[in-house]
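Sharing a structure here in structure tokens format.
Naming follows writing order (A, B, C and D), and every chain is counted from residue 1.
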Amino acid sequence: MNAFLSPYAWLIITVVKVLLLLFIVLTVNAYLTWFERKVVAHIQSRWGPHRVGPHGLLQPMADGLKFLFKEDPTPAGVDRFVYFLAPLLALALALTSIAIIPFGPDPLPWKILGQTIYLGILPPNVNIGILALFAITALGVYGVALAGWSSNSKYPLLGGLRSSAQMISYELALTLSVVGVLLIAGSFNLTEIINDQTSRYGILGWNIFPQFLGFICFFIAAVAETNRVPFDLPEAESELVAGFHTEYASFKFAMFFIAEYTSMITVSCLCAILFFGGWLSPFPATWTWTYYLPTVLLLPAGLWVIWDGLRYETIFGKVILPGIGAVMCILAIALVIFPGVNNYIQAPFWLLSKIFVFLFVYVWMRGTLPRLRYDQLMAFGWKMLLPVSIANVVITSFAILRWGAIK
Amino acid sequence: MTASLIIFFVLAALAVGGALSLIFQKHPIHSALSLIVVMVALAGLYLLLGAEFVAAVQIIVYGGAIMVLFVFVIMLLNAGIEEHTNFSKLAGFPGLLLAFALTGFIAATIARSTDTVQAAAQPGNMASTKDLSTMIFKDFVYPFELTSFLILVAVLGAIVLAQREKA
Amino acid sequence: MIPTNYYIVLSAILFGLGVLAFIFKRNIISIFMSIELMLNAVNLAFVAFSQAMHKLDGQVFVLFVIVVAAAEAAVGLAIIILTARNRQSLNVERVDLLKL
Amino acid sequence: MPILEHLWIIPLLPLLGATVNGLFGRTWPNKIVNSVAIGATGLSFLAALEAVREFFLLSPEQIPWVRQYFSWIEAGNFRAGFDLQVDQLTVVMLLVVTGVGWLIHIYSTGYMAHEGGYYRFFAYLNLFMFFMLILVMAANYVLLFVGWEGVGLASYLLIGFYFLRKSAADAGKKAFIVNRIGDFGFMLGMFLLFRTFGTLDFFKHAGAGGALGLFDKAAPLSAEAMGHLGTLTVACLLLFMGAAGKSAQIPLYVWLPDAMEGPTPVSALIHAATMVTAGVYVVARSHVLFMHAPTAMLVVAVVGCATALFAATIGLVQTDIKKVLAYSTVSQLGYMFLACGVGAFSAGIFHLMTHAFFKALLFLAAGSVIHAMGGEQDMLHMGGLSKKIKWTYVTMFTGTLAIAGIPPLSGFFSKDSILLSAYQSENGGPNVGHILYAAGLFTALLTSFYMFRLIFLTFFGKERYDEHHVHVHESPKSMLVPLAILAVLSIVGGWLAAPAFWGKPDYFAKFLEPVFAAPGASEAGTAEAVVHALETPLAIVAVITALAGLLAAYWLYVKQPSKPDKLAKFFGGAYQTLLHKYYVDEFYNAAVVRPLMWLSTNVFWKAVDVSIIDGAVNGIAEGITVVGDGTRRTQSGNTRSYAVWVVVGAIVIVAVIFWPHVRPVLGVVR
């Protein structure tokens, strides 16, 4: 068996990884929508979804089903090929970008089919990680633009035009704002960039401090790249109905939707990795007690979930929630019992929690900020963001010239 | 028939196919898409050749900027199917002939001249981006500066050209 | 490993196709794109040679070519927009004021 | 030595004046214009004086003093530089030109006061001064030729000053063309000299790296060496051809009488005092060559003598006052050439100087007369002016005495020394000298006759004009002062040579000795005794002839005013011939001008120009049109066709670069 498999082991492993990641990402997407609706609702002092399942936890499923089974009309006079291509393109690119993110430093302690398994699809020694990521984001614009054009309808066309212009404009700022980090790390490799941020003082080593300006630019540009509020002009309901995907229904629409949320996740990952030390703990490595933070967080959460579930009348609530709670508690205890696992968990834990924070910020912004006017958008991009990021690059390079690599 | 050779042929096929469809597509958007395909395939080839940075730049600049610009302009001008006029006698059959002649000629020339290169053909060792950058900023610094100037000029020119003159 | 000739021949083919497109497309934008295609073909040759000779100069040149192409695209497209505005047509055969 | 180091200042000043006047004078009042012109000339006169003063401080080996300012033409081993030189000969010419020129400038302010184109006149005059100075100061033939042509230009401009008058314009053209013939010879001479000696510089100078000058090379040659191979003779004859053109000798004298169309000061300055003597100057300047070419010398002598006689005879019957003076100028120039021809260069230059004085004087006086008569030039309509315009009369009479050779005026000495040396010369046979002497003597007789005829017709007898139209008036001071000065000069100018009579050396000749020494030494040494023996008797004879002329004129034009007409009737044929100047103009017209016109019209114009040249030009144009018609088909204006052409070009380039054996097919050679 091994003898037969081993030549193609890497292939098989990769495929499995991809499927796994795909599943995870899609689920996260689904619950991201739920999360977003909830948070926005609470920001606007509403309840948000709470009918389908406890706390509306099953809402995403329902939505998914709805997307799948809705009628899928193709408008007359569309350019069929492009019309179908566009959402595929968008989704594929968005998902691909995730594949480049490394989720942890060390491989799994045991080999499968004689292969060391890294957390993340690409092996960590890819020299052009960040570049590849930018390449993919750069292509991302086509999904929107083509969608807008191919629908052969006014609003989508305008949306497409807007988004392509916007994306080109902000891509410059996006790329430039990262250059500072690259200069400091001296590498495109994401893993190296993260490792470069390790220091005796934990959080103080992160790039956010030397690269605060860069971070601001990066984050704003990234939000614009993902067409999120306050830069969601391509799909500005009030002006363009639904922008580039006006003419798309059911699952094609879902593709755009998923693509958008996936790119949100990607951007959050990038923020975490580039500026917030990726999977590094904010505390100095000497504070060993911080290793128990996951447990400390998981245990009460699990207990709360159990208790909350028991309050439900429905079977579902009575059964599922306590189950989940129990799992969480067990996991917490296991972490205490097996320090090896605990140590291994640390990196992903911190990375995921940072990503979560950024996702929350996304939602938060959506809940609070108004949308920009188009000319404001352009002016801001070209006259504010770009110069600032360039300045950042210059300053950084001079600083490096002066003091050598910072910290 | 190693894996890399397979990949090469796949990519090459992609590139040629893209180029062909660039020619035969009637609608500029489709041509643009085919061209993008060609470019992505080329990027893959660059990766195969061990030129990662060039590959990335190829996609970012060509795919992400230039072609987007093309698509953008096509959308802006709302260009339709290109009309099939034939005012130029020369661009008919003789043009075809000449184009083939040129291609053959170049191919022959290369075939003649690359046997020297052949021997040197080696497994593509990944050229580190650092070396590239040092080369650009040391040996090629003047060309580099010149190109930056060129870009500046181009930007100004584009602005001047594209702005509607205020009546 | 792949012999350099493969790359070179491929680039020659692409270049020839670019020439064909250059001659036979009527839409200005398409013609412009065919020029880009030719540039790409040349780039491929550059990179192939640089890899074959273990010199980075080729890649550097490719970068320069790309930059120039970008500039060219900016200006050229601006010109195209102007032409389209003034002549109401993207067909190069309709833009023939030079004819006597 | 400031000025000697900066000789260029002297000619530059007049040029400056010319430029200023020519460019801006148009709008300026006459006062400023003439002050500029006179200032420029006067300054250069002063500069010249200073230069001369410094010149006398030079040690003999520093002479000739040559300075190179910039090299103008350099080709291979040939160099023509802007080099100026000063030696005794130059000094004389310099003083004469600047001095007389200055006086005439002053005179002109009065004479031209009421003429149009005042600024133009003075600009031209200054221009002339500039070129004349270049001519006399040049240190090589090329630069000398520049001055030579320049004065020709100036004289052309000034003769045609009243260009609205056809006669004036024609005269200008005539002068220019006739001079051209001479210049042609002059140039050929220069070429020949360069071919022979490899340089055109006169003397060696430090600047030229000590390279020997023309004369340095020529001097040591034995007469046979060059004489036998007649190169030098030919060269000299060619030079003399130029000189004859400029100095109005047979056969090229015809332009000078017509040149009288110009304003009188011009006639005085250019066509009497300075320019026309340039020929003499050139011959004297290249005496080294002439000395080696006895044949050429003989030619010069004979031509000079013939001209003198010939012109004098014509002068007998002219009635236009300026014409008379013109012919007398021609004949006096003949004298000078005679002197040069017989090897008495210093005598020639001496006569040149004195002649400059008294002929300028005469012309100016004549101008004053004309001015007084309100533009009347015909002597038959004058008479009895002596009482009306005393000053003019006195000065003019002085000039006449001088030219007639009445001692002790300047003319006597110069003419006497010429006749003396003519009498002595053995060149070309024993009694050639005596023949020349006889001719010269007879000319002297004629000269004094027609000059006094002029005087008597003008100032004596009864008025032959009607009082009512013409009211005679004396000229303004500005005209009389120069007259006076010139009169004085023409009296004392000759005394430099006076001591020769009481055995003392002739100072003028002595002064010029270093220049003419080389060949002159021999005969000077041997003939001392003879000279003294001959000096007095010849002088007496000369004086007698002069007086005879005077008396004849007096008898004919004062005693019996009716006689001349009778004589004219009696010698009808001869009289008519003289009156029509031996029909020379008519002859030239028939022999040269008409055939030339016919040739140019029928051959060069109708045949060559129209059919061949125009044909070629139009043919080329036609061909280009055809080709263009063909090629413009490619300019279809269709971008796609252009694209195809681009492809063709690409193919060609690839072929040329990478396929060597294709190159010849494409006509590329590497």
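Going forward, a contact is a pair of C-beta atoms (placed from the backbone, for glycine too) under 8 Å apart; a residue touches a chain by one contact, two chains touch by 3 or more.
Given the structure is predicted, the values throughout are model-derived calculations rather than measurements.
Distance from per-chain Cα centroids to the pooled protein Cα centroid is smallest for C.
Contact tally for C-D versus A-B: the pair with more C-beta pairs in contact is A-B.
Centre-to-centre separation of chain C and chain D, using mean CA positions: 78 Å. Each chain gets one centre point, the mean of its Cα atoms, and the points for chain A and chain B are 32 Å apart.
Chain B and chain C have CA centres that are 6 Å apart.
Spacing of chain A relative to chain D, judged by their CA centroids, is 106 angstrom. Contact of a single residue of chain C with at least two other chains is seen at positions 19, 23-24, 26, 93, 96. Contact of a single residue of chain A with at least two other chains is seen at no position.
Residue positions of chain D touching 2 or more other chains, listed in rising order: 636, 638, 640, 643-644, 647, 650.
By the document's touch criterion, interfaces exist between A-B, B-C, B-D, C-D. The touching residues of chain C, when paired with chain D in their complex, are 19, 22-24, 26, 31, 92-93, 95-100. The residues of chain A lying in touch with chain B in their complex are 79, 81-82, 85, 127-128, 131-132, 134-135, 137-139, 141-142, 145-146, 148-149, 157, 160-161, 164-165, 167-168, 171, 175, 186, 188. Residue ranges of chain D in contact with chain C, taken from their complex: 632, 635-640, 643-644, 646-647, 650. Touching chain B in their complex are the following residues of chain D: 636, 638, 640-641, 643-645, 647-648, 650-651, 654-655, 658-659. Of all residues in chain C, only 1-10, 12-21, 23-27, 29-30, 32-34, 36-37, 40, 43-44, 47-54, 56-57, 59-60, 62-64, 66-75, 77-82, 84, 90-91, 93-94, 96 touch chain B in the complex they form.
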